[in-house]
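Both complexes shown next keep subunit A, but they swap its partner, so subunit B is in the first and subunit C is in the second.
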Partner chain A sequence: MNDVFNITLIYATIRSATPILFAALCATVTQQADILNIGTEGIMLTSAFVAVLTSFTTGSWLLAIVLAIVSGIAIALIMAVANIKYNAHICAAGIAVNMFALAITKFGLKQFLGTAGTFTSPEIKEIPRIHIAALDNIPILNDIFNNWCVTEVFGIVMVVILWFLLFKTVWGLRVRCVGRLPMAAETAGISVRRMKYEVMIISGVLGGLAGAHLSLGYSQMFADNITNGRGFMGVAAMNFGGMNPIFVWLGTLIFGFIDSVGARLQAYGLPSQFILMLPYFFTITILVLAMWRKGRLSEKAKSAL
Partner chain B sequence: MKKKLLALLLGCTMVFGLIGCGGSKGESEAPTEAPAETEADAETEAPADAETEAPSESGEKFKVALVYSGFLGDKSFNDLAHDGAVMAQEQLGIEFTELESGEAADWEANFVAMADAGYDLVIGVSTQFLEIMEKHCPNYPDTKFALIDGVSEAGDNVVSTLFAQNEGSFLAGAAAAMFTEKTEIEGVNDKAIIGWVGGMDIPVLHDFYAGYEQGAKYINPDIQILQSFAGTFTDALKGKELATAQIDQGADIIMNVANITGIGAMEAAAEQGVYAIGVDTNQDALYPGHILTSMQKNVDNCTFQIIEAAMNGEFEGGTATYMDLAHDGVGLTDFSVMKEALGDQFPQDIVDKIEELKEKIASGEIVVDSYEGYGKPAN
Partner chain C sequence: MTEKKNNRYVTLLLTLLLSMVVGAIFMFALGFKPFEAYVQLFKGAFLGKVNLGTTLQKFVPVLLTGVGFAVASKVGCFNAGIEGELYLGAITAAWAGHYLPKMPAPIHILICLVLAMIVGALWAAIPAILKVKWDVNEICVCILSTYIAKYFTSWLCNGPLSAKTGMPQTPAVHENIMLTQIMKPSQANTGLFLAVIIVVAVIWLLYRSTLGYKFLTVGLNSSHADYMGINSKKVVIQGMMLSGALGGIAGTIEVLGVYGYFLDNFSLNIANDGMLSSMIVWNDIRLVPLMSFFVAALKSGALSMERFAGVPRSIVDTITAIFIIFATMETLFNLKKKKKKEKVTTVSSEEGGKK
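Right after this comes the complex of A and B.
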């Protein structure tokens, strides 16, 4: 069992949690304004492709992240315009965006990179890792803290920033107000549409980061449907965390932990089907718990009146 | 939402079906375009005569359809079948259509659409078509069918080919077991642990694993083999995660049998400075210096042979061809990329031992285990 629960598991957890974390934050910020962003998957997929394409052609990971964010915003705006301006149901817009992303990246892969299925190349510049030379000789700290990817650190920073924005600023109060009771917000002189556009743009930024991290940080490649449901897992983590970035982060850590432990347990002869079931099993359990908690809270709130 | 999704899915299937039919018609209507192309290509090649003859004999080209349980671009099984069909197009002057889908729900619809569309030969590429063919082939007695990588007993209009992946994997396992002992090579640790990452947990993959395990234990009976299944052939990141976990647990060489998922596994090996073994096609140059060798299934030759036989009237329905080491249906690559990367450090003894084992297997001196339902067919 020492090979399963050892010190490298800590970093492994962070590593597999980060892609879901960005996706979860992307869904969190819109959910605060009462927009269920299931287009997270599509935003991620498109920006993952743009990141690889830019990194491969220009050799700059920074530019790749910037363009990934721009493409993330573009996709998010498609949904925003459809939903806010033309009143399309957000779920329909989300599904449309997800399918569009699948097709456009497949097409882009063929058109711009001349291949199908997967694209790998040594010329893809990856997001650098932070190597702290001083830690090299300290066994435990080295395993935990050394060689983190820049975006993995940034993901945690982002949790704090988003929490601060949502819960400690006037802007955050307005967003939450729009989410809870748009009519009241409108009466108080807040432009609901404007707020909704703003959160969609921010979710585009976060989704763009999610995609760039997936294809340039977590791995250095693009494959058809590389996201493989990670956007949806992000939405699940958002629900678990009750739209609070800190709890959302905890949720993604649980997912990451289960994933990493599962990957290690398989090598010890547990049936693969059982292990592969675990993430979904926990997703459902976690959602049930989250709903139960929510129900109790609202009962309490009612009885307080 | 479920209903919406279902409706969308059905819509897609219909559209795919239509594209399939439309494509085939389009091609048969414009036979002048395609031959011009192949003629130009073949001007310098010898078999130019044969190919201009064949279409003129019947006045119409031999039409082949390939149905995939996945997408082209896997740099593996599907791409090889595609290469075989292209080879047949160039040398035999056939025309072919391909239908790809990653959704299990589409495979049957795609297959039936092709059988309906009046193709001379419909090839189900991968073992996933076994049941679909058994269900539908008897309904189209005038169409020829072929299954690659499985034995179908659907009737006398179906031929099957089976690869001895267990024999090829035996060699891969033996190579891995020898390689993990070469501690002088950078990245190889002193633990006798090797890894294996598979795609979906399906019988044919267990046949791979049976050979891999036997080969590794033939070299070192005490070796530890870490086995993982990703549950998908299309999630590269999942493959990377599984391979990284195995590396954390001490594996220094990992074989992948996982299509696109496997590319992630090989990336993990390259990134962590350890080694991997490719599968199905020559993947040695994907991460040069980190892929020891690849266990090849010569699907391209196999596809070509099926088409050639069907075209020349040598189609023997109801039979199965066993592509094993003796028939050059499987085998390892020549290690050349690794030799170049390691230079003097390259352990030549591995190559020599592999040659020796290969002869022993071909001559029947070593009998490689196979998973239930695989192995040499009785007929």
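Right after this comes the complex of A and C.
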């Protein structure tokens, strides 16, 4: 069992959790304004492709992240315009955007990179890792803290930033007000439409980061449907954390933990399909538990009145 | 009502034109010839026996999954998991087709269908139960459970049910229960008629039966339904189960009509096409057959478009996806009414969009 549960599991957990973390934050910020962001998956997928394409053609990971964010915003804006301006059901718009992302990345892979299925190349410039030379000789700390990817650190920073934005600023108060009771927000002089657009743009930024990290930090490749439901895991983590970035982060850590333990269990002869199934199974379980708890809390709140 | 209906057709046509124009601009910008591409697309879908046959063969699963999605939407659910139900139904049919003893073909086919329907319905019941009990978003559960279904069937056809031929597939079903090929050498089969009968039955069920009335009432307003004495939670579950059963049938027809066995990962998102052909027509079940035929034609024409006009096949998916994005925008073509309603809708649209 020592091969599975050892000190390197801590970093492995964070490594697998980070793509889901960005996705979850992307869903969190919109959910605070009461927009269920089903399109997280699509935003992530598109920006993952754009990141790989830019990194491969220009050789700059920073530019790749920037363009990934831009494309993430573009996809989020499609959803925002469809939902806010043209009254599309947000779930329908989300599903539509997901399909669009699936199709356009497939097309782009064929058109611009000339392959189908998977693209990988040594010329893809990946997001650098932070190497702290001082830690090299300290056994435990080296395993935990050395060689983090820049975006992995940034993900944790982002949790704090988002938490501060949502709960400690006027803007965050307004967003949450829009989410709770749009009519009251309107009466208080807040433009609900404007707030929703702003929130969607921020979710585009976060989703763009999620995609860029997935294809340039977590792995150095792009494949059809590389996100593999991670956007939906993000939505589940958002529900688990009750829209609070800090708890959402804890939720993604659970997913990361399950994912990395699963990967290590493969050596013990379990069929690979069951290992691959594991994260999805636990995501559903956690989602159900989170909603169950939420339902009980709201019932309690009702009976207290 | 009729005016509203006509309006819908006009909107559908306008949306179609708009997305084709967007697609053409897109292709033009990338240096292709859009007109030639569309001509090749049309030719590849309809001209010639093989092409038309392929269109019909692709039409069957898209139709069934599309109607399945539309049925679920009638009770207010997005069944994004039909792909999973299709996989599970397909492997059930493949199992029943090979492992059950020989018996007269019609009975055997019926058993395959019924078993696949039961499995599909039970799988679809999971997200429905979670939704009505704890308000868990059904789209998330559906999508995640589809991955589980895919991996599970993959394990089955690689492990316990493997044909042991080196390919990830189950052993072939009995020869006599294979659905008859029509229009050889294409793979169109009598599953087409089966699908049409089933769809007619579902439409009858929805609009002419008590159960259908319950579905529609719950979909329109579940509190009203509860007030009238309809158990809306139960009806939602029933609706999703019917939807899942249709996914199971789609899988069965794929196995018995096209493949003859279950092949790992065979469907490549057929259910997605069904889903989008239902969503494009706002889940109006009577328009779904038309739209799914159109989508199937696009799919089968795409290959020859790639071959003869040099445009990558996936552009068709991109254009249909653009189509669907436009189609979800309910008020895109409401230019006339817009000014009158503007003041009223400011508040209500925000509320309407909040789900």
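Following the convention adopted for this analysis, the second predicted complex is superposed on the first by the 293 of 305 C-alpha atoms of A that agree within 3 Å, B and C clash if a C-alpha of one lies under 4 Å from a C-alpha of the other, contacts with A are read in each partner's own complex, and residues count from 1 in each chain.
By our rule, a residue touches a chain if its C-beta (ideal position, glycine included) is under 8 Å from a C-beta of that chain, and two chains touch if they have at least 3 such contacts.
What you see is a predicted model, and the numbers here were worked out from it, not measured in a lab.
Engineer: After the overlay on subunit A, what do you see for subunit B versus subunit C, clash or fit?
Structural biologist: Superposition check on subunit A flags a clash between subunit B and subunit C.
Engineer: Look at A:Leu276 in the shared chain and tell me whether it touches subunit B only, subunit C only, both, or neither; answer first, second, both or neither.
Structural biologist: Both partners, subunit B and subunit C.
Engineer: Who does A:Phe232 touch here: subunit B (first), subunit C (second), both, or neither?
Structural biologist: second
Engineer: So in the superposed three-chain picture, is A:Ala93 touching just subunit B, just subunit C, both, or none of them (first/second/both/neither)?
Structural biologist: Once the two structures are laid over each other on A, A:Ala93 reaches subunit C alone.
Engineer: Mind working out whether A:Thr252 is in touch with subunit B, subunit C, both or neither, as first, second, both or neither?
Structural biologist: A:Thr252 contacts neither subunit B nor subunit C.
Engineer: Report for A:Val192: first if it touches subunit B alone, second if subunit C alone, otherwise both or neither.
Structural biologist: In the superposed model, A:Val192 contacts subunit C only, not subunit B.
Engineer: Residues of subunit A touched by subunit B versus by subunit C: which partner has the larger set?
Structural biologist: C
Engineer: Regarding the shared-chain residue A:Ser203, is it in contact with subunit B (first), subunit C (second), both, or neither?
Structural biologist: neither
Engineer: For A:Ile104, using the defined touch cut-off, is the partner it touches subunit B, subunit C, both, or neither? Pick first, second, both or neither.
Structural biologist: second
Engineer: Touching A:Pro182, do we find subunit B (first), subunit C (second), both, or neither?
Structural biologist: The second partner, subunit C, only.
Engineer: Check each of 99-107, 243-251, 297-305 or 315-323 in subunit B against subunit C and return the one that clashes.
Structural biologist: 99-107
Engineer: Starting from the residues of subunit A touching subunit B, keep only those that also touch subunit C in the other complex, and list them.
Structural biologist: 91-92, 95, 99, 228, 273, 276
Engineer: Touching residues of subunit A toward subunit B in the complex: what are they?
Structural biologist: 3-4, 6, 8, 12, 15-16, 19, 91-92, 95, 99, 109, 115-118, 120, 214, 218-221, 223-226, 228, 230, 259-260, 263-264, 266-267, 269, 272-273, 276
Engineer: Can you name the residues of subunit B that touch subunit A in the complex?
Structural biologist: Residues of subunit B touching subunit A: 1, 4-5, 8, 71-75, 79, 102, 195, 201, 226-232, 234-238, 240-242, 244-246, 248-250, 260, 263-264, 267, 286-287.
Engineer: Show which residues of subunit C lie in contact with subunit A when the two form their complex.
Structural biologist: 30, 78, 80, 130, 134-137, 139-141, 143-145, 147-148, 151-152, 154-155, 158-159, 269, 272, 275-276, 279, 312-315, 317-318, 320-322, 324-325, 327-332, 345, 347, 349-355
Engineer: In the complex formed with subunit C, which residues of subunit A make contact?
Structural biologist: 34-36, 38, 41, 78, 81-97, 99-100, 102-104, 106-107, 110-111, 182-183, 186, 192-193, 196, 228-229, 232-233, 235-236, 239, 271, 273-274, 276-277, 280-281, 283-284, 287-288, 291-292, 294-295
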